[in-house]
Amino acid sequence: MYISNQHKCFGGFNKSFSEAKFVLFGVPFDSTASYRPGSRFGPAAIREASANIETWSWRNNMDFEDVKIHDVGDISIVHGDCLETIKRIKETVEEIHSYGKIPIMIGGEHTITLGAIRGLRDVAIISFDAHFDMRDEYLSNKLSHACVMRRILEELGNERLIIVGARATYKEEIEYVKENNIFYITSHEINSSSHIDIISKLRDYFKNVNKIYVSIDMDVLDPSNAPGVSNPEPEGISTSILLNILEGICDGRIVGFDVVEISPPYDNGITSVIASKIIYEMCCFITSKSTSS
Amino acid sequence: MYISNQHKCFGGFNKSFSEAKFVLFGVPFDSTASYRPGSRFGPAAIREASANIETWSWRNNMDFEDVKIHDVGDISIVHGDCLETIKRIKETVEEIHSYGKIPIMIGGEHTITLGAIRGLRDVAIISFDAHFDMRDEYLSNKLSHACVMRRILEELGNERLIIVGARATYKEEIEYVKENNIFYITSHEINSSSHIDIISKLRDYFKNVNKIYVSIDMDVLDPSNAPGVSNPEPEGISTSILLNILEGICDGRIVGFDVVEISPPYDNGITSVIASKIIYEMCCFITSKSTSS
Amino acid sequence: MYISNQHKCFGGFNKSFSEAKFVLFGVPFDSTASYRPGSRFGPAAIREASANIETWSWRNNMDFEDVKIHDVGDISIVHGDCLETIKRIKETVEEIHSYGKIPIMIGGEHTITLGAIRGLRDVAIISFDAHFDMRDEYLSNKLSHACVMRRILEELGNERLIIVGARATYKEEIEYVKENNIFYITSHEINSSSHIDIISKLRDYFKNVNKIYVSIDMDVLDPSNAPGVSNPEPEGISTSILLNILEGICDGRIVGFDVVEISPPYDNGITSVIASKIIYEMCCFITSKSTSS
Amino acid sequence: MYISNQHKCFGGFNKSFSEAKFVLFGVPFDSTASYRPGSRFGPAAIREASANIETWSWRNNMDFEDVKIHDVGDISIVHGDCLETIKRIKETVEEIHSYGKIPIMIGGEHTITLGAIRGLRDVAIISFDAHFDMRDEYLSNKLSHACVMRRILEELGNERLIIVGARATYKEEIEYVKENNIFYITSHEINSSSHIDIISKLRDYFKNVNKIYVSIDMDVLDPSNAPGVSNPEPEGISTSILLNILEGICDGRIVGFDVVEISPPYDNGITSVIASKIIYEMCCFITSKSTSS
Amino acid sequence: MYISNQHKCFGGFNKSFSEAKFVLFGVPFDSTASYRPGSRFGPAAIREASANIETWSWRNNMDFEDVKIHDVGDISIVHGDCLETIKRIKETVEEIHSYGKIPIMIGGEHTITLGAIRGLRDVAIISFDAHFDMRDEYLSNKLSHACVMRRILEELGNERLIIVGARATYKEEIEYVKENNIFYITSHEINSSSHIDIISKLRDYFKNVNKIYVSIDMDVLDPSNAPGVSNPEPEGISTSILLNILEGICDGRIVGFDVVEISPPYDNGITSVIASKIIYEMCCFITSKSTSS
Amino acid sequence: MYISNQHKCFGGFNKSFSEAKFVLFGVPFDSTASYRPGSRFGPAAIREASANIETWSWRNNMDFEDVKIHDVGDISIVHGDCLETIKRIKETVEEIHSYGKIPIMIGGEHTITLGAIRGLRDVAIISFDAHFDMRDEYLSNKLSHACVMRRILEELGNERLIIVGARATYKEEIEYVKENNIFYITSHEINSSSHIDIISKLRDYFKNVNKIYVSIDMDVLDPSNAPGVSNPEPEGISTSILLNILEGICDGRIVGFDVVEISPPYDNGITSVIASKIIYEMCCFITSKSTSS
C-alpha cells in the first residue's frame, strides 16, 4: 500500500525512543485561559506546521532531519483539573529525564511549565514571556497561567529564574518583581540593544548554574510575528532576535525546553510555523553544542 | 448625549430587579469541554442576538417587551475550577429563588446545571439533550459536562429526571440508563410522533411533581438548526418541535430554566438566535400561564 | 489566448442586451443594515455561486442556458446615501422596463426594492419576508430596510401588497398590519398547509391585478436553509416550499423581481447558491409560462 | 507516561489489521475540484469528528466499539496527477480485498471512486450523489470529479450502476442519462416517497448482482444537513432518510464503500460529524447482516 | 451574587462621570465604508481587548488603573445618515467639553472626527493616517471617510492641520495638498528619521496653537502591526514609533482624541489590542503631563 | 444606467489592448499545492485589492492611472493537468510578447512561471523566493511548485538564474545549489546589508544579459508582512526592502514579470494588497525607465 502518515508526528518523521536525544510530547491543556482560549489545539497545529516547513538550519549548518528526536504524542490531560494535569506532566518529564533524554513540551497554556520544572527539579529557568506571570492568584485561581512563574519561583528561588522579553504587567506585580530582585529584561531593552549584550547578561547571571530549562511563551514575540497567542501584547521582539538570543544561551546545560501559549483559533498559521522553527533551531543548537564539545 | 447601550443586556432592555419576575444571568464557563470549546462565549453571543430579533410571540399572543425580566450580568466564574464555579452558581440561584423570582441561566457548558439544581433543591428536572450525560466519570473527571445528569440523578433520584431528545450514547451508559429505569424519550421517537403525545407522556410522568426545572442543551436540536454547539450529533429535533413541546410542559410549576452548550466559535450566528428565541418563548409561556391561572 | 471569464456575469454566460428577455443588475448597498451588515457583497457572491451550480430545471423541463438573460453588472451606488441610491435604481429599472424587458435585481438590503417599485409604477407586489418591514421609522431612519414595505404601501395602497412567510414582528407593527388589513401569510400557516392552498390564496387576492413584482428577502427561508442573511429568524419555510409557491404564482404578469438581504460574511456559501437557484427557476417559470401561453 | 493519541485513527481506537473486518484509508486528493476545493482535508476532519461522537447505534442495537475496523492511515497521493493517484488507490483496494476485508475509503474528491472500482472489479455500484457525474469531459479533463460515473459506467456497463439522490444536471447530461437507460432516483422522488419504496426499487434493480460497492458523495444530502461539500445543491435529502435507505440496502453483498466530497474549509464541522456517523452505521449494518445470516 | 461585568466598559472598570478627567464613548458607524466595512464593530472589540491587556505603562511609570476615565457607552448613531450622526457626535463632545473633561472617541469610520472637531471648535488637529482624506467628494459623497480632512480643513484652515504617516494618495489629491501648503509627514520620512526629529517638526509647527485634537486612524500603522483596518496600505509605521511620537506631542494642550477605522471582521484581534494600548498610553501621557506641570 | 464594474479588472480600469504597454492575465491554478492550497483564488483577490488601494507612486513620482495596462482576464486552466496548463500559459505569453507588450502574470502557484519562461525564451530570470524550488521531484511530481526553478534551470542554464531572499531549504537541495554554482542571496544577507549593495550584486551578475524576467513568490516576504502564502517561512524580508530592490533592478531589459503563491484563504487581505502594490510599482518603474531613456 502507498500509505503515508507524515503529519502524525513532529517534523514528519520519528526516530525510535531508544536512539533519541530529544523526546517531544504535547499537552493540549488550556483550562485556565482567561482571554483567548484554544492553546489546547497547539500541539496538533504545531505538528501540522512542522511537517510543512523546510529543515535546513543556516545558523547551525546542519539539517533537522539529522536530529535524533522521538515524538511520543500527547499526554492525556484532564480538562478542568490543573493539579492532576501538572502531576502527569511531572511524571512524564521525570521518566524522560531518567533515560538521559531531553524533554520538549509543546503546549498548551503556560501553567504546564510548572509540571516540567517539578519533573526535572534542581534546575534554573529562562522564561521568554511578554508577561511576568507573577500574580499570587488570578481570578481566584493559584494554578493559573498568570501565576505560573510565581509558583516556580517558590520552588526554585529567585536567583534561578530569568524573565526575558517582559513588557506587560500591572502595579502590584511590578512592585513585587522589583522588591524580590527578580532578574528580567524587557522587550524595550532588547529592541534597543545588541543581542550580543543581552546574551552576555543572561550567560553571566546563570554562570554558576548547571542545568537550565528554557520556556518560550510565544507571546514574547511581537504580535506582528506571532498573532496566534492567548494574550497578545504589542511591542514585542522579532523572531530573528529571539532565535539569535536562543543561539547564544544554548549549551550543554539545557535539560529541557517548552513552547507554549499558541492559540491556533486566533492564528493565521504563522505562529505555529514559527513555533516549529524555534524547536528545529533549539534542537540543532543543542545538538551542535554537545557534538562540538 | 445620545447614548444607547442596547446590546449590554438580554433583549436590549432591563426591568429593575425588584419588579422582575425573571432574573437572568450568564455563566461563561467551559473548562471541561472536550470537543469544541467556546461555550464561555455563549452569554455574550446570546445577549447580542437577543437584542436583534423581533419580540412578538405568536404562540402566546403577547410581546416579550411586556415580560418582567432583569439581567444581572455574568457570574464571575473560576476557569479550571468546576467545584468553586458550581458553588457560586448554587448561591446565586438560591438568592434569586429566595426573592420568589425565576432564575434563567445562560451557559456555558452543561455542568453548570448542577449548580442551579443545588440552589433550588427539591425540584424535578426535564433535560433536553442529545446525550444522557450519565457517565460516572469522563476523561478522569467526575464534574464533567458528560457526567452532569449522573450527578443530578444522585441528588434528585431517578423518578425526578427526564431526558428528552436523547440519541447519542454508548454501550455502558445505555445499559445504566435502562437498568436504573431512567425515563427518556429519543429524538427518533419525537420525530415519528405527534408532539401532543410527547407532551402527554412528559406531563403524565411528572404529574405529582410540584417544582420543575427545565434544562435545554442546545445540541438537542438537529445540527442543521443549531450548528454552534459543543458536541453536535445528527438526527435531532427541529426548533418548532422543541418550542411546541416547551409550550406543552410550561405551567406554574416552572421554577427556573437554563439554555446551555452553545459554542459561538462554531456557530454561524443561528444557534444564538434560536437560544434567544427559546428564552423569549419560555418567558412568555410562563407569564401567560401564571396570568391565566 | 485561452481566456475564460466565466465568473464575471450571472450564470457564467451573457446574452446580448438586445436579445435578452431578462436584464439582471446588482445593488451592493447595505448602509442601513442594523444587525449583520454585508449584503453589499451579495451581488458578487451570487454571481460566483451561479456559475458553479447546474443549470437544468426539473420543474420546467428546460435548461437555464436557454434563458435569454443579460447581466449589466452593478449599479454604482452611494454608500450612506439611501435616497440617491434608490433614485438610481428607479431610473435603471425604468430604462430596462421601457425596452419591454424584465429587470432582475440582486441585493443588497431590502430598502432597494423601493427603487424598483418606483421604476415600474402601477404594480402589485408579493414580498417573501420573515419580517413585515412596516415600521414607520427605524433607528431614526425612514428609509431603512425595516421600513421598506411601509414606504411601498404608501405608494401602492394596501390592496396591492402581500407579505408571505412573515413571522417576526413586534406589538405596534402587528397592530398596524391588522388595522390596515394588510394581507399576509405567516410561515406557521405555510408550514401547516399544502402549498396548493397557499398558491390559491395568493392568486385569488391578486386576481384583478395586471402587473406583479416579486421581492424575495432570503430571510423568509428557515435559517437552516439560508444562514447567510442580515436578520435571521427561526421557524421559516424550506427552499422547496418557496420554489413550489413561486412556481404557482409566476405567470405572464410578472414584470420584475429581486432577491435581497443575503449577507455573505455570515454565510457558508449555501445562501448564495439558493439565491442563484431561485433566480434560475424564476427565469424558467416566466419563460415557460410566456412560451406556453 | 500518560500518552493518549485518540485522534490519530478513525473512531479513536484501532483493531489490528489481521483481526479487522473493515480496513479504512484516507485519500486526501482534490486536484480537479472546480468550485470549492479542500476535500484533501476531508480524511483528517472525519477522523477528528469520529473520535468525538458517541458510538451507540440505535438502528443496529450494537456499539461501534465492537466493530472490527483497522485504520491504515492515508494513501500518499500525487497532487495534480489523477492517473497515478487512481492507480495507487486501485492497488490498495486490491490488496485489502485480497485479504477478504472490506475497504472503506474516505475522500477526497469523487474521482477516487474510480480507483476503488478498478481494485474490486466485477462489482455493481450504488452512488448517492446530487450530480450524475456523467460528463464525458469537464474543463478539458476526462478524469475529473464531474466525469467519474461516466468512466465507471464505461467499465461496469449501465446495468450495474445506480445514482440515488440526483437533482443537479444540465441538458446534454440528462439526455445522455435517459438515452442510455441509466437507473436513477431523484431527490425529489425520495422526498415525496416512503423510504421503504425507494429501498424496494434499489433492491429489485440489483437483485441479480452479487457484489455491491456503495459510494456516498456527501452532496447528496441537503446543504442544511451537509453544508461543507465541494458542490452544494439545494433540495437534497436528509441524514435520517439517507441512513434509512442505507440500512435497507446493506446486506452480505457489500464489498466496499466510500464517503467523499467533504470540503472542511467550507464546513461548520457538521458534515464531518455526519460522515463519521454514516461510516459507523454502515459498519454496524454490514456487521449485523453478516452476523445474523 | 458573584456578578462580574468586566467587559462592559473600557479597561474593565469605570470611574464616575463627575470624578473623571477623560470621558470615552463609542461611535459604531461605518455607513460610507467603501472597501472593508465593519468599523461599526470597533467600539465593542476595543472594549473587549482593553479588559484583557495589562495596565502598566513603562513610558509613564504609572498604571492605567490610576487614570480617571469614565466610559459612557456608545452614541446611538443613525446607519446611513452621516449628517445626523455627525450632529449627535458634535453635541456629545460639546457637552463633555463643557464639563472641562477630555473626550475620547472610539470609531467607527474616520468621518466621525468631523463631529468631534465641530464640538470642540477652535482647535488644531494632528491626524495620523495613511491617507490624506482630502478628496472633495468620494463616490458621489461629500461626507465620506475619504473626504473628512477636506471638510475639517474647510472649518479650521490649513495652518491648523497636520497629517502624519501619509503614504497613500492619488494625483489630484497630492496636487491639492501641495498647492494648499498642507503640512504632512510621510511614513517614508518617519521610517528614515529619528522620532525625535519628527516630534520637533510637529511641536514647531503647532508652537502657537493652544488646543490640540489628535485623531488616530489605525491604518497609519503598517498592516503587519494593524491588519484589521478598513483600508490597509503597505509601508506604514510601527506601533512603537507611533507611541514614541504620541509621547512627544502630548502636553496640556490636548483637548480630545480619537482612535478610528478598526474593522474587527478583518482583524486577528491585534488591531483592537493596539488601539486599547494607544488609549492607555495617551491617557497616561496626558495625565502625567498635567500632573507634572 | 448607473453601471459601475470597477472590481472586474486589475486596478479598476482597463486601457485597450492595442494602446497597452503591459498585458496582465491571471492563472488560477494550484493543483500541486502541498501545504496551504488556495492560490487559485489569487487572481480574483489581487484584482479586488488593486481596485481599493491608492494609485500614487512616491518612488516614481507618477500615478498608476497613467500606466498603460490591459487586463485580459484569467486563462482557462485545467485543474489537475499541469502540463496542459503550462502549455496554455506559454502560448499566451508568446502571443503577448509577439505584440511587443510586457506580460504580467498573477498566480496561482509558482509552477506557472515555467510557462512564462517557455513563452519568452532566451531570457534570464530573477526569482524572489523563500525557497530554492530546486527539487528534482516533489511528492512523485516533476512539475511541482517545489521543482519549478530546477526545470527553468534546465532550460536557461545556471548563469541566467538568480534566487533572491532564499532561506528555506534542505540538505540535498542546498548541496545541489552549491555544487551547481547557482547564484543566490539569502534573506539573512539582505537583512544585514544595505539594499544598495544587494542591487549592485544583482546588476553585476546580469550585466551581460539583455532580457530579464522577474518572478515574485510572495513568500519571499516575511510572514508578518505577507501572511497569506502557500508556504510561509519565518525570517523573510520586508515589503519596503523588496520594493527598493525591485526599483534598483528594473530597467528597459524587463520583458515580463509575475506575482505568485498568494493563498487568499490564509490571508487577512494584506498579502493581496501588497501584491497589488508591487505590480503598481513594477509598472511605474518600467514605465519611468523606458520614458526617461
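For reference, chains read A, B, C, D, E and F in written order, and residue numbers begin at 1 within each chain.
Quick note on the criterion: a residue touches a chain if its C-beta (ideal position, glycine included) is under 8 Å from a C-beta of that chain, and two chains touch if they have at least 3 such contacts.
It should be emphasised that the depicted structure is a prediction, and the values quoted were computed from it without experimental measurement.
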Exercise. Would you kindly count the fewest steps from chain B to chain E, each step being a jump to a chain that touches the current one?
Key: 1
Quiz prompt | Labels of chains that are neighbours to chain D and to chain F | solution = A, C
Practice problem: Among all other chains, pick the one whose mean CA position is farthest from the mean CA position of chain D. | Solution: E
Quiz item: For chain B and chain F, what's the span in angstrom between their mean Cα positions?
Solution: 56
Exercise. Give, as an integer number of Å, the spacing between the C-alpha centres of chain D and chain B.
Key: 37
Self-check item: Contacts with two or more other chains, residues of chain E listed in rising order
Solution: 34, 76, 224, 268
Quiz prompt | Contacting chain pairs - touch in the sense defined above | solution = A-B, A-D, A-E, A-F, B-C, B-D, B-E, C-D, C-E, C-F, D-F, E-F
Quiz prompt | Touching residues (chain side chain A, partner chain E) in the complex | solution = 34-36, 131, 167-171, 173-174, 186, 188, 191, 223-224, 227-228, 231-235, 266-268
Practice problem: Would you mind writing out the residues of chain B in touch with chain E in their complex? | Solution: 1-5, 7-8, 25, 44, 72-77, 88, 91-92, 95-96
Self-check item: Complex contact set, residues of chain D against chain F
Solution: 30-34, 37-38, 40, 76, 78-82, 84, 139-141, 143-144, 265
Quiz item: How about chain A: which of its residues touch chain F in the complex?
Solution: 52-56, 58, 63, 65-66, 222, 224-225, 239-240, 243, 268-270, 273-274, 277
